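For reference, chains read A, B, C, D and E in written order, and residue numbers begin at 1 within each chain.
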Amino acid sequence: MKIGRVTGTVVSTRKLESLEGIKLLLVQPLDDNMENNGNPIVACDTVQAGSGDLVIYEGGREAALALDNWYNPADSAVIGIIDQLDQVKR
Amino acid sequence: MKIGRVTGTVVSTRKLESLEGIKLLLVQPLDDNMENNGNPIVACDTVQAGSGDLVIYEGGREAALALDNWYNPADSAVIGIIDQLDQVKR
Amino acid sequence: MKIGRVTGTVVSTRKLESLEGIKLLLVQPLDDNMENNGNPIVACDTVQAGSGDLVIYEGGREAALALDNWYNPADSAVIGIIDQLDQVKR
Amino acid sequence: MKIGRVTGTVVSTRKLESLEGIKLLLVQPLDDNMENNGNPIVACDTVQAGSGDLVIYEGGREAALALDNWYNPADSAVIGIIDQLDQVKR
Amino acid sequence: MKIGRVTGTVVSTRKLESLEGIKLLLVQPLDDNMENNGNPIVACDTVQAGSGDLVIYEGGREAALALDNWYNPADSAVIGIIDQLDQVKR
């Protein structure tokens, strides 16, 4: 899983049927200083995350296992909201 | 899933049989400023997207689940056209 | 698999049920000089690793095979603590 | 799938049995200007591509679905030769 | 699959049971000039490769198919030693 910050939402009317009713979040990947790094991703919300939340997300086939329909072609999901990050810097 | 812009189409005569009849789009990955970033990909169209459209696409085994033949070796698909992007910039 | 250093832990209260009871480690990917390189990841601990440990981790669907529940949507796991690294530099 | 150019062939005598008899191509990933970008990959040929050909290739578990033996551990395959690329530049 | 050079071995005592008895190689990814590029990976050896060997390796779920236990969570394997590389440079 990776660490990201929810930066918004994505609205799509013409989309795969299996994505109907799933909230799509815009998530920005973060580096070890929690700065933006890399292209944003579009992830299915499973934990009712909102803009500004620091979250755990994942990408790949396993993301669908976080949804009700395991054969959903979705490949990214926010699976946790981070309360606390204990990080030892070197 | 990721955000990209459709920049064209790809025509291939000599290809895997399972790709016959599937429209192949050239999609450019975008960064958080919606600028080009990274190598373009070739994705199967499932939502009748066209050149210039801002789209949600995905890459990996799960892309085939968006097609009629789940055992298609295809590994990228455009699965939604973006109508609106609400993005909080920091 | 890849080489990383455990740099901390991640606490998340609101998360997928299947992640309950699994210790989440913050792992920093390393380059061939064992310097930080790339965004940190959040990995499930399977070997009781701690902060500072040099570890083998992996990302992807196969990570769940390292957990008790193979259908866990988790996609990263620390699967070994490195005792010794014999590296020929060029 | 991605766009690449076949730049050569790879010969390996000591290899996995399941790779016997499969032609291995060296493929260079290309950016949106069709310039080399990224490390070259080694892909199984399924369309009789040759050096210099512009091709569609893919990497990941799904590549094996393009081969006769689906349980082949191969994870990259050239699956189409590109005849024409209609690209709108911005 | 990708091209790499074996640069050493990794010893881990505390690790997943399914990795017992498997030789772990340190492999450095290479670019099209066969120069080091990217973070090193830790791969299971299936062809008795040694330090200095130019090899074909792969990463992902399919790597386990190269091992005796297909449900091994291992996700990288060296699957061939390269004898000859015919590369057309542009």
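Things to note:
The criterion applied here is as follows: a contact is a pair of C-beta atoms (placed from the backbone, for glycine too) under 8 Å apart; a residue touches a chain by one contact, two chains touch by 3 or more.
None of these values were measured; they are calculated from a predicted model.
The set of chains in contact with chain A as well as chain C is empty. Within the contact network of the assembly, the step distance from chain C to chain E comes to 1. Common neighbours of chain A and chain E, listed by label, are C. Rounded to whole angstrom, the centroid-to-centroid distance between chain B and chain C, based on C-alpha atoms, equals 30 Å.
Here the CA centre of chain B is 19 Å from the CA centre of chain D. Chain contacts: chain E has residues 60-61, 63-64 touching two or more partner chains. A ring topology is adopted by the chain contact network, closed into one cycle in which each chain touches exactly two others. Starting from chain A and moving next to chain C, the ring of contacting chains follows the order A, C, E, D, B. Contacts from chain E toward chain C in the complex involve residues 7-16, 19, 24, 26, 28, 36, 39-43, 51-52, 60-61, 63-64, 71-76. Within the complex, the chain E residues that touch chain D are 1-3, 29-32, 37-38, 46-48, 56, 58-66, 77, 79-90.
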